[in-house]
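First chain A sits with chain B, and in the next complex the same chain sits with chain C.
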Partner chain A sequence: MSLPRSAVVVGGNRTPFAKAGGAYAAASNLDLLTSALDGLVARFGLAGRELDEVAAGAVLKHARDFNLTREAVLSSALAPTTPAVDLQQACGTGLEAVVYIANKIALGQAEVGIGGGVDSASDAPIAVSEGLRRALLAANRAKTLPQRLRALSRIRPSQLAPVAPQVVEPRTGLSMGEHQARTTATWSISREAQDELAAASHHNLAAAWSSGFFDDLVTPYLGVTTDTILRADTSVEKLATLRPVFGDSMTAGNSTALTDGAAVVLLAAPDWAQRNGLPALARVVDAQVAAVDHPGGDDLLLAPAHAVATLLARNGMALSDFELYELHEAFASTVLATLAAWESAAFCSERLGLSAPLGPIDHDRLNITGSSLAAGHPFAATGARIVATAAKLLHERGGRARGLVSVCAAGGQGVVAILEAV
Partner chain B sequence: MAGLLERAFTSRAGKALAGRFGLAEPPVLRRGRVLPDEPVVLASLANSTLAGDTLELLGVVSAVPLRDDDAELPAYPDRIGAIVVDACGLREVRQLEGLRAVLRPAVRALAGSGRVVLVADAEVTGVEANAVRQALDGINRTVGKELRHGATANLVYVAQGTAAPDLASTLSFLLEGRSAFVDGQSWTVSPARDPIPEPGQDEQRAPQRHDEPPAPLAGRIVVVTGAARGIGAQIATVAARDGATVVCVDIPAAGESLAALANRLHGTALQLDVTAPDAGERIAAHVATRYGADACIHGIVHNAGITRDKQLANTDAQRWAQVLEVNLAAELRINPVLLEGRPGGLADGGRIVAIASTSGIAGNRGQANYAASKAGVVGLVRAEAPQLAARGITVNAVAPGFIETDMTAKIPFVQREVFRRTNSLGQGGQPVDVAETIGYFLDPASAGVTGQVVRVCGQNLVGQ
Partner chain C sequence: MDADVEVLAALPRLGPLFAKALAPSFQRGAARVPRRTVRVCGVHQDPAVVADYDRVCGFPLRDRVPPTWLHVLTFGLHVHLLSGSDSTIRLAGAVHVSNRMRLHRPVDAGEVLDLSVRVDNLRPHRRGALLDMVGEVRVADELVWDGVSTYLAPGASTSGTPEASTADEFVAQPPTAIWRLGADLGRDYRRVSTDPNPIHTSRVAARAFGFARPIIHGMWTHARLLAALDPRLPGAYSAQVSFLRPILLPATVGAWWRPAHDGWRAAVTTPDGAKPYLVAAVSPI
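This part shows the complex of A and B:
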C-alpha cells in the first residue's frame, strides 16, 4: 500500500460493557455513545475542540436515531461544529468506522477524527407489524375522515402484536448461533477447545483489569466500573457443566452474551498528534473487507479468513508475522474455525487460491487481554474496543510490532486490519 | 434526606427559636476575588513602609487610621473594610499600646466580612522582642474571636529582606474574599529566591487584559488528585478559573464524574490510584503525552484522601494502612519521582501543595489513622520546603477544619451542628474556601511562601 500518509491511533475509550437488561437497561444508544465520547474527550483534553469528523454507528437502531453520531457529538463536550456520520456494517461497524476515519486521514481529507460504535440490546427498537404499518401510513395519507376510517378498518387483531428484532439471517432464516453450529460441525470444533478458549478469554480479561490495563481505556458509566459479563473465577470445568444451546457443543459460556456498551477510537495524522502534544500508539497500516455466500452454503462467520488472505498478499506478509492477533470472539468456535481454516491446505487452496496454507498462529499471541466472550459484544462497539486495546498493546511492545485485527459480521461479512506499533 | 431534628431546626420557627438561644443564622461571607467595598485603613506602628508599599503595588488606596490617644474615643464616620497594621520594627512591650490605639476604633467600625491584617517581623533578637513577637499572635487570635459578622483577623510574619512583591500575593489574598474562612491564623512570608515577575513581564503568561479577571496560572499545568468531587473538584475549578490547564486525577472507579469535570474545565482526566507504585511516573507520562515532551507541571495538589474512622482500640492493620497509604505515603512516593527532572515532571519554581487537617493538628477522637496521616503531611511540608528552596519550589499545606462536603454531610446532625458552630465564624467552610487558599499557594507571586501550614477553619477552637 502506498498512501500519502498513515493515520495513527492516539487512544481509545469505552464504557464498561454490561449484560443486556442490566445496569444500562434504561440507557439509549445516544446516551452510551455520548458517554464514550466524553470519556475520550476528557482523556485527551479535547473539550471544545472541533474535530474533522466522527464516524460511528449502531446495529440495533431506532428510526429516530437517523443521525445518531451527530446527535451524540452535540451532546458531548466536543465543539458542536464537529461533523459526524453514521455507518453500519453489522458487527463490523466499529472497525469499519475506524477504517473510514483512518482512510480520510491517509488521503489528507482529515487531520483528526473519531471512529467507533455503540449498541444497546436492552434498548432495542420494537417495530409494529407490516400490516399495521401499511394501514397507519394509508390512514396518514387519507384526506377525509371516511378515507381514514376505511384505512384503519383494514387492521386485523393479529397485526397488533409488536415485532421484536431478531438476530436472524434474512436469507436463510437461521439465527447466527444456528449458522455457527453448522460451521462448528463442519470444522469438527470440540466442546473442550471452545470452553478452553472461553476460559482463557475470561482469565486474560480479568488479569488485564486487575493490572490496571484498562485505566486509560475505559471510563465508568452509570456506576458500572468494570465489564459485568466478566467471570474471573470461571474455569473449563465450570464451563463444561453448561448445556448446549446451539448444536451439541455451543453453550451460553462459549457464545457471546447480548451486551450494552459503546467504544470509540481517536485517530489522527502523525503530525497533528505531534503538534498537539498527543501520543501515537499505532499506525493503521491497511484494512480489507470480504463477504461469503452464506445463502449458498458458505460458513456465515468465516469471511475474515478470506479478507486476511487478501490483506496479507497486498502487504507481502505471512500470517506468522504478527506479534498480536485480535480475533473477535462472536463464538469460541468462530475463532477456532477461522484458525482451522487458515491451517487447512484444502480451504486455503480451494477457497483462497493459495498454494500453501496460511498456517497456524502462536496461541500465546491471541486475544491476550481477553475478548468478546469475557467482555461482551455490543455489536457495533466491538471493533473500536479491539482497535484501542491492540494499539495500546502494540505500543507497549514497540519496535514496529504488528497486530492483526479481525471482526466477523452478520450477512456473511468480515472486516480485518493491520496495526503497527509507533 | 435531613433528619427530623435537622428539619425542625432549619424550619422558620426553629430558626427563630435557635436565634434566642444564641444560635442565630451565621453571616454570609464575602467570597471570591473581591476587595472590601469599604476603605482599607493602613497603620504603621514603627515607621515600616512594607505594608504600605505592598498596598500601593496592589493598587489599593489606603485610608489614614484613627488613634485612641485622647480622652474621647474617635469614631470612623463610616464602616471600614479592613485595617492593615504594619507592626514591623516593634520590639518593646510599651509599643503594643500603638496597636491597641489603632485597633480599638477600627474593630468598632469594621464592616461585615471585614479584615484585620497584622504584619510583623518573623525573626527578632532579644527576650523582650521575642515576647512582643509572640504577644502579637495572642492579640491576633483574640481579635479573631471577638470580631463579628464574618470579619477575620490574621497575622503575617515577614522574614528579613521581605519586600513588597514578596508580600503582595499574601496581602491581596487576606484582604479579598478568597480568605473568607481563614481566621485567627499566622504564617510566614520570606523573600522569594528569584525576583517575582510583575504581571505582564512573565513570558509564560498571556498578556493580561484589564477588563478580564486575573489569570495568574495562565499557560501553567496544575495536577489535582482526588479531583472527581467535593473539595478536589473545587480546587480544580478554582485553578482553571485562575487560568491553569488542569490535570484531574482520581481513582478509575470515579472516572465518570472525573471526565465530566475535566471536560467542563477544558483539562484532562487521568484515572489513577495514587497508591499505585508507579503513580508518579504515570502522572508525568500523562503530562508529557498530553501537552508535549517539554511540558512541565507547575503545581501538584495532593488532595486525594480517605477516612476509615474507628477508635484506636478498634482499628485493625488494614484500616490503619489504607489511610496512611492514600493520605501520606502516596505523596511521599510521588514527589521525588516528579522532582527527578523527567518529562512531565515538576518545573523548577513549581508548587507542591498538600492537605493537612485540623484533626492532624489537634487530634480527633476516632481518627488516629487519619490524624497520623494529616500530621504527617505537616511534617512532610516542613521538611521538604527547605530541601526544594534552591529550586524555587514551594511546599505548603492547607489544614481544613469543618468544610461542608458530602463527607461531612454524613456526620449526625447534632454533632455536625456542633462542629459547624465551634469556630469564630459560626459556620462550616465551603470547599471553595480550601480551594482559594490552595490557589494562593499556587500563584507564581507566592514564591516567598513555603513550608507553611494554613488552617482554613474559621478559627476552629481545637488545636494550635
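This part shows the complex of A and C:
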C-alpha cells in the first residue's frame, strides 16, 4: 500500500469497562462517550482545541442519539467547532472509526482526529412492538377522531409489551452465541482450549493492570478504577466448573459478558503530533474489511480470517511477520476457530484461494495484555480499546514492529488492520 | 466546640421538618432568626441520586458534581434552621429571590463532605425582610463550595431602612434555546432535591400561595442553565442568579447565554425572549 502519508496513533483513553447493570447502570452512551473524550482531552492537553473530526458510534443506540458523537463532542471540553460523525459496523465500529479517521489523515483531508466507540448494555433502548408502533403512527396520521379511534382499536394487549433489543441475527433469529456454537462444533474446538484461552486473557489483563500498563490508557469513571469483569484469580479449573450456555462447551466464562464502556483513540499526521509535542506510538499501515456468505452457511464470526488474507497479500506480508496479534475475543472459540482456519490447508485453499495455509502464529504474541473475555466487550468500544493497547505495546517494542488487529462483527463481517511501531 | 454551632448526626429528613416549616409563625413583633450555625459532618453522597439529579437537570453524568447539587445537599439545613422555635421566619412562604455560589474546585461524587449553614444579614425590604442563608461545603478542612441564598420573608419586620432595590439589567434578546418543561418536572425535581414544598407539585397548594399552577423550583432553572454552559465552564467558578418571576408548569421557556468580559451572562426568559424568569452571571474564579 502506498498512501501519501500515514496517520499515527498518538494515544488512547477509555473508561474502565463495567459489567452491564453495575456501576454504570445510570450512564447513557452519551455520558460514557463524553467521559472517554474528556479523559483523552485531559491526557493530551486538548481542552478548547478544534480537531478536524471525531468519529464514533454505538451498537445499541437510542433514536434520540441520532447525532451521538457530535453531542458528545459538545458535552466535552473540545472546541464546539469540532465536527463529528456517527459510524456503526456492529462490533467493528470502534476499529472502523479509527480507520475512517486514519484514512482522512492519510489523504490529507484531516490533520488530527479521534476514532472510537461506546456501548451501554445497561441503558439499552426499549422499543414498542411493531404492531403498536404501526397503530400509533396510523393514529398520528389520522385527521378525524373516528379515524384515530379506528387506528388505535387495532392495538391488541399482547402488543403493549415493550421490546428489548436482542443480540440476534435478523436473518436467522439465532443469537451470536448460538451461531458461534455451530462454528465451535465445525472446527472441533475443545472446551479445554477455550477455558485455557479465557484464563490466559484474565491473567494477562490482570498482570497488565498491576504493572501499570493501563495508567495512561484508562481514566476512572464514576468511582470505577479497573475493569470490573476481570477475575485475576480465575483458573482453568474454576472455568471448567461452569455450565455450557451455547452448544456443549461455551460457557459464561469463555464468552464475553454484556459490558458498559467507551474507548477513543487520538490519531494525527506525524508532523502534527511533532508540532504539538505529542508522542507517536504507531502508524496505521493498512486496513481491510470482509464479509462472509451469511446466512449461506459460512461461519458467522470468521470474516476476519478472510480480511487478513487480503490484507497480507496487499502488503506483501506473511501471517508470521507480526510481533503482536490482537484478536478480539468475542468468544474464546472465535479466536481458536480463526487460528484453526489459518492453519487449515483446506480452508486456505478453498475459501481464501491460497496455495498454502497462512500458518500458525506464536501464541506468546497473542493478546498479551488480555482481551475482551477479561476486559469485557462494550460492542462499539472494543476496536478502540484494542488499537490503543496495540499501539502502546508496539511502541514499547520499537524497531518498526508490526501488529495485527482483528475484530469480528455481526452480520458475518470483520475488520482488520496493521499497525507499525514508531 | 463553639456554643453557637449545632451539630446534627445526619442530614435532616425534610418531610416532617417541612410540615413545621409550613406552619405559620404567629409571633408578632420584630423578626427573629437563629444565630446558630448548623453543621453535619461526614456526609456521603449517594451516586444513584447524583445520577438522577444530573439527568433531571440536564448535566452529563460525570465524577464531578454540579455546584447546584452541593446547594441541594445544604438545603435541608436551611429548612432545619428556619423551622426552629428561635425563628419567626418560615421557609414556606418565603421567596427565594437570588442566589450566589462559588465552586472553589471540582468536587467528586465520591468525596465525603462537611456541610454547614447559618442565617446572616437579616435586613428590611419594602415588602418584608430579607435574609441570607450562608452555606459552606468542606472536604476535610478545605472550603470547596460556598453559597448565599437570599430569601424574602413577606410581611416580616425588622429595623432599619430598606436598601434601594438594584434591578438586574436585562436586555431582551432572542433565546439561544427553547426548553419544554413538562407538568411532571416539579415531581422529578422533588425526587432529586428532596424539597417537599407542595407548591411545586400540587395545583391546590400552588393556588394557596397565589399561583394558578405548580411552579418549578428556581434552583432547577438555575441548574438547567448551568448544565447548558457546563462544557464551557472551568473547574472553579462563581454563579450569581436572580429569580425574577416564577415559571408555571408545564411551560415553554427560552434561554440564552453569551460570553462577557468576566465570564458569561445568561437568562431564562419567555419564549420570545422579552421577559426574564431568571438572570445569571457566571465567572471563573
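By our rule, the second predicted complex is superposed on the first by the 422 of 422 C-alpha atoms of A that agree within 3 Å, B and C clash if a C-alpha of one lies under 4 Å from a C-alpha of the other, contacts with A are read in each partner's own complex, and residues count from 1 in each chain.
As a working rule, a contact is a pair of C-beta atoms (placed from the backbone, for glycine too) under 8 Å apart; a residue touches a chain by one contact, two chains touch by 3 or more.
None of these values were measured; they are calculated from a predicted model.
Trainee: Following the overlay on chain A, give me a clash-or-fit verdict for chain B and chain C.
Mentor: Pair status: clash.
Trainee: Between chain B (first) and chain C (second), which, if any, makes contact with A:Ser75: first, second, both or neither?
Mentor: second
Trainee: So in the superposed three-chain picture, is A:Gly353 touching just chain B, just chain C, both, or none of them (first/second/both/neither)?
Mentor: After superposing on A, A:Gly353 lies clear of both chain B and chain C.
Trainee: Quick check on the superposed pair: does A:Arg43 touch chain B, chain C, both, or neither? Answer first, second, both or neither.
Mentor: first
Trainee: Regarding the shared-chain residue A:Thr34, is it in contact with chain B (first), chain C (second), both, or neither?
Mentor: The second partner, chain C, only.
Trainee: Identify the partner contact of A:Pro279: answer first if only chain B is touched, second if only chain C is, both if each is, neither if none is.
Mentor: Only chain B is touched by A:Pro279; chain C is not.
Trainee: Considering only touches as defined above, state whether A:Thr225 meets chain B (first), chain C (second), both or neither.
Mentor: The first partner, chain B, only.
Trainee: Who wins on chain A residues touched, chain B or chain C?
Mentor: Higher number of touched chain A residues: B.
Trainee: In the superposed arrangement, which partner chain does A:Ala26 touch: chain B (first), chain C (second), both, or neither?
Mentor: Only chain C; A:Ala26 stays clear of chain B.
Trainee: Is A:Asp215 touching anything from chain B or chain C once the two structures are fitted on A? First, second, both or neither.
Mentor: After superposing on A, A:Asp215 lies in contact with chain B but is clear of chain C.
Trainee: Applying the stated clash rule to the superposed structures, which of 206-214, 224-232 or 404-412 from chain B runs into chain C?
Mentor: Looking at 206-214, 224-232 or 404-412, the stretch of chain B that collides with chain C is 404-412.
Trainee: Both chain B and chain C touch chain A; at which residues?
Mentor: On chain A, the overlap between the chain B and chain C contacts is residues 35, 38, 77, 220-223.
Trainee: Mind pulling up the chain B residues that touch chain A in the complex?
Mentor: 245, 248, 252-256, 258-260, 262-273, 276, 289-293, 295
Trainee: Considering the complex alone, what residue numbers of chain C touch chain A?
Mentor: Where chain C meets chain A, its residues are 47-48, 51-52, 55, 60-63, 109-110, 230-231.
Trainee: State the interface residues of chain A toward chain C in the complex, per the touch definition above.
Mentor: It comes out as residues 26-28, 30-31, 34-35, 38, 74-77, 80, 220-223.
Trainee: Which stretch or stretches of chain A touch chain B in the complex?
Mentor: Residue positions touching the partner: 35, 38-39, 41-45, 47-48, 77, 212, 214-216, 218-223, 225, 277-279.
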